[in-house]
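Multiple structures are listed underneath, in structure tokens.
Paired with subunit B in one complex and with subunit C in the other, subunit A is shared by the two complexes that follow.
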Partner chain A sequence: MNSARVFFRGGLLAYKALFNFKQTAVYIPTMLISPAFQILFFAYLGRYSGLADDNFFVVGNAIQATAIGCIYGMVLLLGNERQFDTFSAVIATSTRRGALYFGRAVLPIANGIVVTTFVLCTSVLLLDFRMPATALPAFGIVVLVSAVSCAMFGLTLGALALRLKDIWIISNLSYTLMLLLCGANVRPAVLPGWLHAISSCLPLTHGIEAARKVADGAALSQVAGLIGIEALIGGVYALLGYALLRLFEAGDRRGATLITV
Partner chain B sequence: MSVIEADGLRRSYRTSTGVLRRRTHEIEAVRGVSFTIDKGELFGLLGPNGAGKTTTIKMLTTLLLPTAGTGRVLGYDVATETARVRASIGYVFGGDRGLYERLNALDNLRYFADLYAVEPRIQRKRIAEVLDIVGLSGRERERVEGYSRGMRQRLHIARGLLHDPPVIFLDEPTIGVDPVGSRELRTTIAALSAAGKTILLTTHYMFEADALCDRVGIIAKGQLLAQGSPAELKARVADRTVVEIEAHAVTADAVEKLRRIPGVVAVTLDERDDGQLLRVQSASGLELTQTILARLGDARVGRIATREPTLEDAYVDVVTQGTRS
Partner chain C sequence: MSRAAVPRMLLRGWAIQVKDSSSFGFFIMSSLIEPVIFAAIAAYMFRAGNRPDALLYAAIGAGMLGVWIVTLIGSGQALTFLRHAGILELLIVAPVPFVLVLAPITLAAATVGMYSLAATLVWGWLLFDVPLGVEHPWLLLASVPATVIGLGMLGMLMASVFVLFRHANALTNMLGYPVWLASGFLVPVSLLPDWVRPVSWLLPTTWGAEAIRTSMIGGHPLPAIGACLGLAIGYFALAALTVRHFERLARQRASLALA
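And then the complex of A and B:
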């Protein structure tokens, strides 16, 4: 019961407290306009080079856009505890850590889905992006699973951000790497072997592949395997991120590195 | 049964310096500190900067593991039974950091009320109560960003009281708070103590310790040098007299010379905005004022007063004796 409050209301308050982009004047340009332009950029690049049609870039970048909410959200919601020196006050409470840490993912996931929905709508208006209405439920499921999985990757990055005293390098670097590696604009198959290997361990890669198939008319059952792998990757990062946070918490008590007050 | 128990607590920090040839060395911050605090007692931990007060509190509040020794709160081991300890203590640290700046006070308290598992149906009432206790009622909808230091300090205290813990740790609760505010906070702390809370407090203000504490412990360089009631500690120096001299341009050399006067036990020199305050403790019955003035050299001298020793003098005595040996 208390865990549910910590998870939902705590997650919401943490978002209000720690998310840097929540004011409208910042949110609109960074969370909405910038990813919309990213899609336009790649779609026109695709038209110019004749490599692929609008759908390829729109679907790829729309799923990739969840990373804006999920990666930045999670890294800020955990890493910013250091900026305010609030972490020791938080861990001095006896609250359940599962509810505490995973609750922080709720708003970033919602935010990722909002961004994806927004850029899909703008693509319908500004580009030749079309998707059968019947594909929408399956597409929605792919977006949801991808966003959750990406947020769990964000949990791992957030744990590192807390430890490495950095929020911007970690989030910017991961976002940019994912843009290259997750298949939003470049098919992973054309990447060199080692990059391809990294790509298949990242969230979104399988989600993007599934989303493209669904947009092309595939049924949910035909992409169940891809969705399953995407969920599995999310699960692994969830465990890893949680384990790191607990490990750092314990390391803190031994070494007093996170605690600064 | 004692509520807070420190038994031979030790803690060292490892720090490293240098980039190419990294050298690590250990700082022994707390070196075998033992004390017990009974139920309802208000215990003050006094000591100079870097003495190990905060480190001791962090060990007792489960935030740091002791390198050796044990700590217990309500019988629970602070190293192993962390969840039990955390649920029954409030921890208030001094300073103006450690709050969610972008939230208002109400949301800060709501968040921590959830983390401390305060029951939802009593949360609203409890938050109003703690706001009232620390005197922040009416300001709770303002963002912490705009709070003054003293207001932040009050919010820290409010946060530590949310779950109505039986045991409270207060690390310099009045630091940065104006005189009237400090007095109000002392009243608050006294009221908590009167309500039966067991409290461990650190402070640099001796009059505060004297006014509030049932017992105090004096710690320097990681060791507990003395403990007892303020009256007992003052008794240590009851046979002394203190000469206080307002002065300008007293040199370290002159202070050394004063220390060598027979009968003088302790000399301190505080730098103040409007000059210096020289305090010379000596055995009572000696008329030392003229001898002291003769050894001050070129220093300019203002008001001179002779008075009975206070807790501060006892503290100075303990710390100078302790750090000399």
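And then the complex of A and C:
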């Protein structure tokens, strides 16, 4: 019971205290308007380059936009503990660490899904984007799995952010790199071999591919493999992020470096 | 303060600010790394699409994306940075008109932004064999400072307006992509809805990109250089008014140090 409370209520409290974008005046321009313009930008760039139609860029960037909630959310919810000098209080608690850290992913995941939904709706209004209504349930599942997977990647980045002076560098850089590597705008097959290899280890790459197939009319069973890989990648990042957090926590205790930024 | 001291103050202020910004990790990432990533996206899209010949266009356009972002962050939040550093009050009460304190800061932001252009051109040359020939080298030497001045003056206007908003960073987050689109950095403005065109004429980014592009690829950069400098004068005049307004309000409300 206590772990469930820490998972949900602790996650909510952390979100309220540490998420810099929660005020409406910041949330709307940063989390909604900016990704909507991101889609417009790449859709027009796609039209000019002649690479693909609007659907390709809308679906790719809409799934990628979950990262704005999941990556920034997780990096802020973990990295800000250090910036605000509250990390020592967090690790002084006897709470189960799984509930403590993974509970913080719930609202960023919800946020990522909200952002994706918003940008898809604006794309219907502003671009030539259409998706059959029958594809929506399967599409929703792809969005959910992608958001969870991306949040676990965010957990890993958030753990690293505990060691950095400027948490914005790691979040901005990761978000921008994902625009190139996850297939939102350029098919991974077009990238050089080493970039393609990195791309296949990142969250969202398989989710974006699955989402495009679903939007083109594929059934959920036809993309189950891609969704499974996406979930597996998320699982690996969850373990990695958790391990890093425990490692840094132990290092901080050992070296008495809790409040060193 | 004598008039003769003004150029020296502008130059010193600009040099110190360029040095300061150049050692700031976030600026380096925004001016050197992110534009190269966008240049790569554009290059792969152009290659895989029907425009493999447009790689130089992509390199210049992506460089200008970085110029705008660094100007936007550096200028839009210039007063906030000064406020957080605890020196805004000292600068306001200094005998120098505050507009002359702010100008080198925003000009320096635009200058550091120019690292982006250098980064994307070198990247294109190294990895994509993009030729770096310059059609009008002398006019390129005029285009770059004209662009810096145009963006610096727009930056000064933003600095003085954004400081009135508590969440200026949210505005800077929002204004990246719209200006990239409206300035025709990677997508010609003619592809966008008609109403975007008059907006693009008011942006020094449009003319700066046009001046640099035509200086390098070929064409007539002079009208674009002229438009950039003309807009700079207009934005300076507007910024002088808004800075004075900000200063008066801050003194009246005693709100200078408040975030």
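Heads up, the rule we're going with is that the second predicted complex is superposed on the first by the 257 of 261 C-alpha atoms of A that agree within 3 Å, B and C clash if a C-alpha of one lies under 4 Å from a C-alpha of the other, contacts with A are read in each partner's own complex, and residues count from 1 in each chain.
Throughout what follows, a contact is a pair of C-beta atoms (placed from the backbone, for glycine too) under 8 Å apart; a residue touches a chain by one contact, two chains touch by 3 or more.
Since the structure is predicted, the reported quantities are computational estimates derived from the model, not experimental observations.
In the overlay built on the shared chain, the residue A:T117 is in contact with neither subunit B nor subunit C. When the two structures are aligned on the shared chain, A:W168 is found in touch with subunit C, with no touch to subunit B. Using the contact criterion defined above for the overlaid structures, shared-chain residue A:S94 touches subunit B, although it does not reach subunit C. By the document's definition of touching, of the two partners only subunit B reaches A:R254; subunit C does not. For subunit A, the partner that touches more of its residues is C, with subunit B and subunit C as the two candidates.
In the superposition on chain A, A:R187 contacts subunit C only, with no contact to subunit B.
In the superposed model, A:D85 makes contact with subunit B only, not with subunit C. Of the two partner chains placed by the overlay, only subunit B lies in contact with A:R5; subunit C stays clear of it.
Common to the subunit B and subunit C interfaces on subunit A is no residue. Contact residues of subunit B toward subunit A in the complex are 13-14, 58, 61-65, 82-84, 86-87, 91, 93, 95, 97-103, 107, 110-112, 114-117, 120, 159.
On subunit A, the positions that touch subunit C within their shared complex are 21, 23, 25-26, 28-30, 33-34, 37-38, 40-41, 44-52, 165-166, 168-169, 172-173, 176-177, 179-180, 185-187, 190-191.
Interface residues of subunit A, counted against subunit B in their complex, comprise 2, 5-6, 9-10, 13-14, 16-18, 84-86, 88-95, 100, 252-256, 259, 261. Touching subunit A in their complex are the following residues of subunit C: 25-26, 29-30, 33-34, 37-38, 40-42, 44-51, 54, 165-167, 169-171, 173-174, 176-178, 180-181, 186-188, 191-192.
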